[in-house]
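Next, two complexes with chain A in common: one pairs it with chain B, the other with chain C.
So, the complex of A and B:
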C-alpha cells in the first residue's frame, strides 16, 4: 500500500509540473490581454510535434530541440497576437472565437503534415531511478519536473525583478493606469503572448516522449488547464501553480484507485464547486471577466 | 413568403442522396442554433447547449428502445427531459455570470457527457446507443411514407422545426421576450423595476434547452446511432460559430450563419475535394469573419435592406451581444 501511494505521489508530481506550465501561460495571457485562449492546448500539441519533426526524424540533440520548440511556439504566440488578438482587443468574445478558429487550423495542419494517427517519439533516456522495487521514477519524468520548476522560477524572477516584468504585472492589474504610466500595452501583450505560448510549447516538448502524440492531444490538456485556472483563481499565477499541484494529485489518485473517466468527472465537479462557492478561485482577487 | 415555401418543398428533389441527408441535418441544426439564440438573448453564452441537445437524444432513444414508446411521444419526452435537466442545472449555473457562466456551463455539460461515457448501463458507454428506432412508417390507404427516406424525414423535420421556429418567434415578440432583452441590456434597471432577473434567465435557459432537446431527438431517430462524441465540445464550437458568424441581434442571423457555413463546409469544400483541409479553411473563415465582420452576416443583410428601402437603418438596434 505504501508503495502504491508513493508511486502515485511521484506520478502526480509529474503531471502537476506540465499542467502548471500550460496553466500559467493561460493565466498570463488572460491576465494581460483579457482573452481566453482556447488554442492553448494546441500550442502544447505543436510543441510535441516539434519533437516529432526534429528529434524522431533527425539526430538533433534533445536540449536543442527543446530550445527550438520554445522559440517556435513562442513565435506562433506572437503571430496570434499580431493577427487576431490585437485587432480584437475590445471584443473578448471575438478573441475567444478567433482562438477557436486558430485551434482548428493548427489541428488540421498537424493532421495534414503528420497524419491523424499517433506519432512515434523515441525515448530520450531509458534510465529509471529505482527507490525500491515498486517505486520507480523514469529519468525523463524527472526532467519534466525539474524543467517545470526551473521555468516557473525563471518566470517568477522575470515578473518580480525586471522592469518588463513589472510592466507586465502592472498592465495585468489595470491596463489603463499602466498605459498612463507610459507602459505600452502592445509591448506587454507581445511579451505575455510569447511567454505564455512558449511555456505551453515547452510543456509539449518535454512530455512528447512520455505521452501519445496526436493532433487532438490538446483537448484533455486544455480542460485540465481550465480547471486549474478556475480553481486557482482567474488571473493568479501563484493560484495556478498551487491548483495544478492540487488538481494533479486529485486526478492521479482518483485515476489510480477508480478510473480515468471518474477522475475527469471529479476534476470538473471540483471546478464547478469552486465556481459556485468562490468564483474568484482560491487565490483570485481581481475579476476581469 | 410563398416563394420560400415553394423552394422549401421543391428543394430536396434537385439534390443527390448525400446532399439530401445534409439538408435534414441542416434543418435540425437550424432549430438548435435558433434555440441557442433564445438563450443568448439574456446575455449568457453557454457551452453546454449541444450536450443538452444530447440529453434529448438519449432520452428519446432510450424510451423507444427500452420502454417501447411511440417515437413522436418519446421525442416530446426528450424535449421535456432536456428542459428539466436545464432547470436543475440552472440552480448552480445562475450563481455565475459572463465568463464564469461560460466555463461553468462547459463543466456541467462535460460531466453529463462523461457520465454517458462511463455508464454502459443504460447509456451504452463510449460506443453509445445503436439501432435507435426510426419514425414508424405511415400506411393509410394509398399514402405510404417511409421515414428512412431522407426526403420524407426532411418534410417531417421541416414541419416540426417550422412550428418550433414560429413558437420561438412568438416567445421573443411577447412580453417575456422583451423582458429577456431587458435582462440583457439593462440588468440593474430591470431588477429595479421588479423583474426577477434570475427567474427570467432560468426561463430562457429552460425554454432554449427544451427546443435543443427536441432537435436532439429529431437527430437521434434519423441517424439511428448516438454516442458521447456526437455531442462533444467540437459540435458546440460549430453552433457557436453559426451564431457568431450569422450574428445574434436578429432572429434570422443564426439561421443565415448556419445555412451559409453548412453549405460552405459540406458542399463547396467537399465538392472541391479539400477533405483534409476542411477544418483549416473553416477555422480561417471563422477568424476572418470575426475580424472583418464582427456584427455577423446579418449586418450585411441589414445594410442591404436599408439601402433597398433607401431609409436609414432602424434606430436603437442592439449591438452584437458580448458576454
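So, the complex of A and C:
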C-alpha cells in the first residue's frame, strides 16, 4: 500500500507540474489583458508538435528543441496579441471568441501538417529512477517537474524583482493607473502573451514524449487548467500554482484508486464546491474576480 | 506657459462632457479647477494626461503638442497624474507602488534618491514599505498616490480630488503637502470639490459648470466673487 501511495504521489507531482505551467500562463494573460484565451490548450499542443517536427524527424538535441519550442510558441502568442487581442482590446468577449477561432485554426493546421493520428515521439531518455522496485520515476517525468519548478521560480523572480515584472502586475491590477505611470498597455500585453504562450508551449514540449500527441490533445489540458484557474481565484498566480497541485493530487489519486472518468467528475465537483463556499476562488479577491 | 489647453472638447458617445475649455498653467504656479459634480473637472484632467481623446481643441505641454499622444508617452514628457480615487495598485507593496511610478526612469541612483525623498516627506509610507498597499488607510493611500506620482520626477502634477473621502485632519495634511510642493517649485493643477481649500491653495482658478467654462481669475478674486461664494463656498 505504501508503495502505491508513494508512486501515486510521484505521478501527481508530474501532472501538477505541467498543469501549473499551462494554468499560470492562462492567469497571466487573463490578468494583464482581461481575455480568456481558449486557444491556450492548443499552444500546449503546438509545443508537443514542435517535438514531433524536430526531434522525431531530425537529429536535433532535445534541449535545443525545447528552446525552439518555447520561443516558437511564445511568438505565436505575440502573433495572437497583434492580430486579435490588440484590435479587440476594448472587447473581452470578442477576444474570447477570436481565441476559439484561433484554436480551430491551430487544430486544423496540425491535422493538415501531421495528420489526425497520434504522432510518434521517440523517448528522450529511457532511464528510470528506482526508489524501490515498486516506486519508480521515469527520468523524463523528473525533467518535467524540475523544469516546472525552474520556470515558475524564474517567473516569480521576474514578477517581483524587475521593473517589467512590477509593470505587469500593476497593469493587471489597474491598466489605466498603470498607463499613468508610463507603462504601455501594448508592451505589457506583449510580454504577458509571450510568457503565457511560451509556458504552455514548453509544457507541451516536455510532456510530448510521455503522452499521446494528436491535434486534439489540448482539450483535456485546457479543462484542467480552467478548473485550476477558477479554484485558485481568477487573476491569482499563486492560487493557480496551489490549485494545480491540489487538483493534480485529487485527480491522480482518484484515477489510481477509482478511474479516470470519476476523477474528471470529482475535479469539476470540487470546482463547484469552491465556487459555492468562496466564489472568488481560494486566493482571489473580489476586486479582481 | 508650461501647459496650455485651447478650445478643448470631449464627447462620451453623444454626450458632451466639456466644450470649448481653455486653461493656461504657467511654470511654478498652482492652478485649480473647481465646480460641482459632473461639471467636467475630471474629464478636463483626464484629457490633459491623455486618458481621454479630445474631439476638438489642442493641448500643448512644454512647447509640444500632446493631445494625440497616449497616456504612457505623456508621462515621459514630465506630466504626473494623481487620479481620482487614488488608484494605487492594491496587491503591490508600498515600495513597489512607488517604484512603479519611476517605471520610465533608468537612472537607479536618482530613483533611489527620490524614493528616500518620498519616504522623508511621508514617514508613514516608509514604515509600511513592505506592506501591500490595500492594507492602508485612505489618507495613507492618498499619500502613496502622491508619492508614486512624484517618483516620475514630473514637471507638473495633476491632482484629482486629493481631499475626497478623507478626515479633516488628513485633508489639512494633504493641503500642507501641496503647499510645500508648490514652494519647492512644483507646478500643480488641482481639481477639487472642496472649493474653499482649492482657492486657498491656488494662484489662479477656473470654474466649470456643466462642461462649460463659467468663470476664471486669480484665486483671491474668485474667493470674493459673489457667484462663487454663493454656489461653491456656501457663504
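Note that in this section the second predicted complex is superposed on the first by the 285 of 289 C-alpha atoms of A that agree within 3 Å, B and C clash if a C-alpha of one lies under 4 Å from a C-alpha of the other, contacts with A are read in each partner's own complex, and residues count from 1 in each chain.
The rule is short, and it goes like this: a residue touches a chain if its C-beta (ideal position, glycine included) is under 8 Å from a C-beta of that chain, and two chains touch if they have at least 3 such contacts.
Computed from a prediction, not measured in an experiment: that's the story for all the values here.
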Partner chain(s) touched by A:226 [first = chain B, second = chain C, both, neither]: first
Which of chain B and chain C A:272 touches, first, second, both or neither: first
First (chain B), second (chain C), both or neither touched by A:262: first
Contacts of A:36 with chain B and chain C, given as first, second, both or neither: first
First, second, both or neither for A:97, with chain B first and chain C second: first
Chain B versus chain C, judged by how many residues of chain A each one touches: B
Which superposed partner A:105 touches (first chain B, second chain C, both, neither): first
Touching residues on chain B, where the partner in the complex is chain A: 45, 92, 95-96, 98-100, 103-104, 106-108, 110-111, 114-115, 117-118, 233, 237, 240-241, 244, 276-280, 282-287, 290-291, 294, 321-323
Interfacial residue positions of chain A with respect to chain C in the complex: 163, 166-167, 169-170, 173-174, 176-185, 285, 287
Interfacial residue positions of chain C with respect to chain A in the complex: 49-51, 70-73, 75-76, 80-81, 83, 87-92, 96-97, 99-101, 103-104, 148, 152
Chain A to chain B touching residues, read off their complex: 36, 83-84, 87-88, 91-94, 97-98, 100-105, 107-109, 111-112, 219, 223, 226-227, 230, 234, 259, 261-262, 264-265, 268-269, 271-272, 275-276, 279, 289
